[in-house]
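Lettered A, B, C and D in written order, each chain numbered from 1.
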Amino acid sequence: MEEILKRIKEKFPSVILEIQEKDYPTVICKRRGFLEFMKYLKDEEGFKYLIDLAGVDYLNYPQKNFEERFEVVYHLYNLDNRVLLRIKVRVPEADNWQYSVTSLWETANWFERECYDMFGINFKGHPNLKRILMPDDWEGHPLRKDYPLYLEEEQEWTKYKEFIQKIKTS
Amino acid sequence: MKLLEKALLIEILKGLALTLRKMLFARPVTIQYYDKVRPVPASGFRGRHALVRDENTKDTLCIACLRCVKVCPSKCINIEYETDEKTKKRKIVKYEIEALRCVYCGYCEEVCPVNAVVLTEWYEYIGFTRDDLFFDKEKLLKNWDEFIATQKRPYLNPFWKPRGIPEKFLPAKKRQFVGV
Amino acid sequence: MESVIGKLIYTVIVAVIILVIALLHVAYLTYAERKIIARMQQRLGPNRVGPRGLLQPIADMLKLLTKEDLTPYGVDKPIFYIAPFISLVCAGTGVALIPLWEKLVLSNINVGLLFILALSSLASYGVILSGWGSNSRYAFLGGLRASAQVISYEIAMSLALLSVVLMAGSLNLMDIVKAQINSPYKIYLIPQIIAFYVFIISAVAECNRVPFDLPEAETELVAGYFVEYSAMRFAIFYLAEYFGMVIMSALAVTCFLGGWVGPFEVPYIPFFWFLLKLYILLFIYIWVRATLPRYRYDQLMGLGWKVLIPVALINLFLTAFLKLIF
Amino acid sequence: MATYLEINKKQTKEDTWEEPFYLNMGPQHPSTHGVLRLYLELEGETIVNCTPIIGYLHRGVEKLGENLNYNQTIVLSDRLDYIASAANNTAFALAFEKLMNLEVPRRAKLLRTIVCEMARICNHLLWLATHALDIGAMTVFLYCFRDREWLLNIYEKICGARLTHSYVRVGGVRQDFTKEIIDELYKFTEEFPPRIYDYETLIDVNRIWLKRTKGIAVVPAEQAINLGLTGPVLRGSGVPYDVRKFRPYDAYGEVEFIVPTGKNGDTYDRYRVRMEELRQSNRIIRQCLDKLSETEGEPVLAENAPDLLIPERIKEPKPQPVPKKGVIFRGIDKPVVPPGEAFASIESPKGELAVYVVSDGSNKPWRLRVRTPSFVHISAIPHMAKNHMIADLIAIIGTLDIVLGDSDR
């Protein structure tokens, strides 16, 4: 494990911001050069399996020590060496985009769609970036921290209200 | 040989023999609920809610600590209470459980320090309106009366004193509890 | 003049008797199917209406009669309305030709076998038209499947029956039975075992039963061609399917198992043996349904064209050859 | 809804024969295992394009989890994969325990392993039942349900619920087994293996079953990993990846079992893998039951486990050997759940179920991410279904073993 971290640190000094030792080794990257880094991890280091891709919203997080609002977290797994690696990329709110890894792992396709659906992070290079769990005409991104748990009456899904209205009148 | 086996449908005949055998010799496993068999749920089955009626005061044991309200994941318990000025003791005014919201996790009976609330093993309950399944305090006490009449005394719900949980986690009253 | 009227009255009475018997059989076939499959699956089956659920078919019929008859939006109305009746009439008419007993047959015509085959192919029109007229994609797919299936299995079935015709030398069902009685084995099952094998498989396919129930595959096409039908029209389709089963089994009894003839005479019930053989065949239908999974569409066609038809052809050829020699 | 109407309008306008035949399968369809909707583009009966549309059962578990405390969140996890809720409970609890640095007592670990394996048997039985029914074998369905009923009855004795167990809690399990339950489980493990033969007699060598499953939806190993398939689906392709072996949790490190793998990666291999897993699960339960007697009387909850009603902060007594006279005793105020993040994954019956949780120090998760196997498996349907027939699509949905509660969250 340490070897891998050492190797990637040498190879991608400009991409890697920080390496943390948590329950699993965590690599925090920049967006610039991210795709090459991931490609290297997949092809050279053998992280063939993308377990998970998740977004996290750090708005008003008490222990926050960075500026950006969102984080995209990747969990990669090497099936031969049985090594799990966590990659984090921070995405600011102002231009919230991130490179899509769908070309590397096909699993990422739906994960990224979900991330877009829930956090509004745009994935550059994604073949079909549409909402997945929420309806196509939903407004807002539900897992953001500023999205209320209970909606006010007025803000309720307008299309749905129209639909109900239509049924009542007809 | 293989062709013959295939033409004679050997493996299909084996399957047919199995179904025929089941038809002739196996007994149906159907439980004819209600008029023939009424299954008795296992002890600790999480069924209809009830408030335990105290034998002495003929009222609920609840001390309005609000622990059940706090732990309820679906927020289906609603308690209103008033505080006695002198003794500083709380007395409940309202105790409502909305059974239609309840997810039957049984956390409320586990956290209750005086074993006042319980999910009884009573599973046959229906309602024609939403109000029928909105239990207020009187209804909950009635539920208990209906339930306890069918039980052997003393009755001890497993979740009041979960097996194998260290005593440290249980409030004093629960530790010595032997049943009602 | 009088004799004509007398004959007419006689025909009507016999027709009513046979129709009632046939309808009762169909109704109780559904009951038997449910009960037998239930027991095979260690269930109880219908047991609420009447003693042991014996009145269940009647209750079902009443329920279906009193339900609302829905016509979905956008259907081709004439076709949609007429399709179930085509199915039922074509399936039901066959009863008239089956000789239950030496003296109990409604119409003893010389092309009986041909007539039954023609009717059973016509019955598929009901399925195809209902699929087409329903304006539903599932029904449409079901109808398409039905047409392909019926055409390919019709051939195998006809070829299997042809060898029987060759042996008996007649298309008249009565004559076929009589020829069987006079044949050395008493029934055609033994010399024509291959034809029987082919016939049974194609008959199951012809009736759209498991494992060939593709047109109405519940788990794929929901209910296939009759997915849009409700109430009485649905019941008629249902009836037609079970009628088909009865007719096919009766045909097998007549052509292969020696009709009403048995090892000994049973007093007072002249068609005892006929019914017994019929019930055994019907039981096999149900038994197979409880056991086997469903074929896929292309596999089904492959089985029909690549296995059954060549086998039936070879059998026909052999029969003709042997007939020539002896 | 809007999209469906649009599609209809488009089609009625110019319905020529060159137009592909569109079929909208689901959300109400008997064999899409819930509210999965598949939008198919057909050519005859062959599928040219298949677009799965999910979200009809979205309940916002991740958002709800951010507003409930850790133990309450476990109740939510019951409703994800409602066929095997004990496995979900365990995944959540493992992640939370990692966050809180809790060491679960050995007996609780064994109990968790038992309920997880029971969940696996339950799930695989239900899978076999519905898979066989989809392909048309009706009787297997009822035989499987008959046996599943037995397990559900045992579950009822264990935790008082048949489907939504919430049996596992942070730091252990809710309550211990009784003697009666252990006896019944022994009886079950005795009688279950012969019953597997019953199912196999009906379908294993049946020519129709073979024709319907062999060579259908072949996924090569490389592609399977790339698609993120896990569990029996991946193992059917010959990759022996099993979280129970690769990153052992609970008591899986101390029990013996084989991870069955297939060769061709077709539907039949996946079926064989699952049938073998039934036997292996039975074996694991057996071993755990034997080990249970060693830990008789031990607690099933960690000493430092939080209460069900997890407080925000806890007063911990100062390490002060001799309290001075006259000094008011004041503990250190410390959060129950330290801020940080944790990732835990388990081998749920359907595949890898991973939970990623971020904490901010309060008693509620800051972010709760659940990676569910069904979600990933549904995303693989278009790849698997291409150039197959409708009937095969049903088999594919069956072989992937999806539950929409799991995928939609």
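Just so it is clear, a contact is a pair of C-beta atoms (placed from the backbone, for glycine too) under 8 Å apart; a residue touches a chain by one contact, two chains touch by 3 or more.
Because the structure is a prediction, the values reported are computed rather than measured.
Chain centres here are C-alpha means, and the one lying farthest from chain B is C.
Among the pairs B-C and C-D, the greater number of C-beta contacts is found at C-D. Per-chain CA centroids place chain A at a distance of 61 Å from chain C.
Averaged C-alpha coordinates put the centre of chain A at 41 Å from the centre of chain B.
Each chain gets a centre from the mean of its Cα atoms; for chain B and chain C, those two points are 53 Å apart. Centre to centre, using the average C-alpha position, chain C and chain D are separated by 46 Å. The set of chain B residues that touch two or more partner chains comprises 12, 15, 18-19, 29. Residues of chain D in contact with two or more other chains: 139, 146, 202-203, 206. For chain C, the set of residues touching two or more other chains reads 40-43, 290-292. Pairwise chain contacts present here: A-D, B-C, B-D, C-D [touch as defined].
Of all residues in chain C, those touching chain B in their complex are 36, 38-44, 287-288, 290-292. Residue ranges on chain D touching chain C, taken from their complex, read 21-24, 29-31, 45, 132-139, 141-143, 146, 202-203, 206, 208-209, 211-212, 389-392, 394. The part of chain A that touches chain D in the complex is made up of residues 22-24, 48-52, 54, 56-57, 61-63, 73, 75, 79, 82, 84, 86, 105-107, 109-110, 114, 118, 131-137, 142-143, 147, 149, 159, 163. Against chain B, the residues of chain D that register as touching in their complex are 68, 71-73, 75-76, 78, 107, 139, 146, 149, 153, 156-157, 159-161, 164, 166, 173-178, 198, 201-203, 205-207, 298-301, 303, 305, 307-309. Residues 12, 15-16, 18-20, 22-23, 26-30, 32 of chain B are the ones touching chain C in the complex.
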